[in-house]
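First, the structure itself, so that you have it in front of you.
Naming follows writing order (A, B, C and D), and every chain is counted from residue 1.
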């Protein structure tokens, strides 16, 4: 089938990687070209992710996998340490990288962009593939121009290690870039329990709630005279990112150069 | 003080009109030029709205009030039947209308625009002066391009006569203008209690909640694979519209012609 | 291991049944005694639900399965038509029924209770095993004594066939049993879009929202002078019922007779 | 009119006091017996609160006011420093105290109860007269027995000085009294912005949001396997406490002794 996009998945045994494999196997416009997982062993990729066998055996090594897979796109949801090398390897093989990992330096991004340009292929690095989360961030930034008084509340599972979440910090940065500078609250305000007012960022506050049963939710609340405006995104499961990944895989076939941020390929 | 904007208020004894009078008296860039209320009697306008006397006696008739008030702007939150006439009278006196009433026909708007152009003054008709409500509507329309599955829930006081609210219908119209057409829900869906699924509009549903203690709230909920996005505006009191009215009074001094919709004068 | 509770599961191949099988296999105080599914074929029950083989082959018939399984408890999340017969069969074998199906008549419940009493075993029929949903219903009923103005909004996936949901009707019944009778809203209220005000029940309204990405959520909103009170339960996945089922399986070992409603075995 | 309850109000010129005066004047079962405000001057109490004159001149001193007012009940929403003395004075005159101030010591409460008993009159001290807030606290405490994982988020106006709010601390205390002890969250959790995780109380967290436009709101969120339960109270204005005060004024006529906490006189 020459018309489908041939997709290689690295980190295929990880939590996100498994969802990507499933998504590729179910999308009629894609074919699984290769699945790489150093620790999974030579198992059928379909069997590994709990669907029916698909005829692709999981490979231990990206280099080998790419050499005869004729992949169009590589999807990588591994870890920051590995992603830079994987991306470079992919580009060298003429395979378009779609990377869901953070931690690239500006220099690395520039270099990878140059490599993509030379090879005349597209590429995408995106810390967030959730269309809903991206809209939430965009709307929050827009609203902060009119409502400079705001707070962010984010909710995640109780085993999460870091607070506040990466998405909430990204949101705060976007807001800080357009909001009129303002230190909110009463200057004489006092905490009788330390930390009650949340984390301070550029004049406003971020609150991190951690509870079992919650996957990933965030609300940005704006307060003005006699009114509040709320923008809230609730993410219920990892699979919720897959529609965004599918869009990226298809889109990356249509342009040249490396794009950073999923928002730039949403129409 | 020649630099302040001289504002006349018609319907000054009504619920919104009283708030406008208070706002004008408190804004250092405005002066109350006249207050009109057919039924209030010759009382001081400040006294009438519960603040200190301001030296302006409430007039019974707009024509008379405008003839010697040297007003720059007329603010009108009366009723649809009266607003067209009031607007015309204001323009004839060279007074810029800021109208918070709905019910104008396209022909009336066109005529009033022409009159403003001739007089070289600005004018504004806006069904909604709430910046938060306008952002909610704009964000909802934007989101519906990516999330065509949505429902609107609006909340008002339990004595409200009409359902759904004007704001929810306006929101629905804006969404219908950009959303990919789609009849939501299960085609075989059945109501065991009639009306449970809400009011049908262009493939989606509007729900009207009526409860004491609520002033005006609206939420637009978008559902997608593994996620929901919510945009919510809560309005707690009539006074919440005043910042928008103040913006309008100042802005209307700066352009020529009649503008329909507050969103067009937000930067 | 003589101390674990031996659990048989009927409807083991269904969506809820699979979760029950997984839960039993993971709970160290339970042993899977039998799994019944007419259509699954003679497959290992663990394999069928996507975990490792457990040595119990799925049986096609309850009677056969119970005859040599030495089960203590039967868990049934099948359909109303089958549940009565299954329950009776279980009791006849001295196996305590834990039934998550609705549709029993009062006469059937009385008869099954008598049979449990004769056999000196416990039994439970519960339309809802979600502790959170039950608390929501109890709190809503309590609050309605003080706040007789209320509306119910329930949210489910967009493929659900019936509206309003069973849980919302159950909630409405509980409220109607204790709330001072009151027809809410303005008597002259008019719908410009039919159904906007929701489904009418005993003077209040029920609204059913249907969106993809939503599993099961419900909010009961109470409005009073200057305030609102909200009680909301969000259920994110089928597995959320399992802690309640586990409680029931353990509890049913400790009493005699048939109990209707999970709330009666919560302490 | 011998059947109405004669109510004296101290602090009648304060924000809560004014609402109480208005409420008394509007309730057909109450008569305003006296209004006390040291700083208001000899103005008619009705005029002072913006309604029509009522024939009661504001007094500067409680002692004088009570000596010829034949009051049945004294309502006091002043400050902790004054409330103890006022309460004692009231009881000495045989006037039932209804006190909305906190800060009494256990010894003071005991003493005042003894005085009420001797005089054979009732009395009430209540930090919160909001029925909705009290229900929220009671439900939260009940839910915490089943869902020990919880967080509290409270919202107030941005000029509030203390965080967290008195109501949230009261809620936390009630929960701590019945919840199974548990330190929530990941033990290795780290804050990259200090305070993001909120204020620590007995193993759970309290978050204080401060925004203009908000009066007083609180949400208690419980998280469990696959579900969350939320209990939320939104208070929109000071007047929202008045139904509770009215209940208290009527109830205090029916018993003997001093009761602490409005929840004990709700049926």
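As a working rule, contacts are C-beta pairs under 8 Å (C-beta built on N, C-alpha and C of every residue); 3 or more make two chains touch, one makes a residue touch a chain.
Chains and their UniProt names: A, B, C, D = 4-hydroxy-tetrahydrodipicolinate reductase.
Predicted model only: the values in this text are computed from it and were never measured.
Centroid distances from subunit D, each centroid being the mean of CA atoms, peak for A. Two copies of one sequence, subunit A and subunit C, touch each other mainly through matching residues, since over half of the numbers at the interface are common to both. Counting C-beta pairs in contact across A-B and across B-D gives the higher total for A-B.
Averaged C-alpha coordinates give centres for subunit B and subunit C that are 47 Å from one another. The geometric centre of subunit B is 37 Å away from that of subunit D, both derived from CA atoms. A straight line joining the Cα centres of subunit A and subunit B is 40 Å long. In subunit A, the residues that reach two or more other chains under the touch definition are 213, 222, 224-228, 236-237, 240. Arrangement of the chains shown, judged by which pairs touch: all-to-all, with no pair of chains left without contact.
Considering their complex, residues 149-151, 153, 155, 158-164, 169, 184-186, 188-201, 205-214, 221-228 of subunit C touch subunit B.
Residues of subunit C touching subunit D in their complex: 130-133, 135-136, 139, 142-143, 145-147, 222, 224-243, 266-267. Touching subunit B in their complex are the following residues of subunit D: 50, 213, 215, 236-237, 240.
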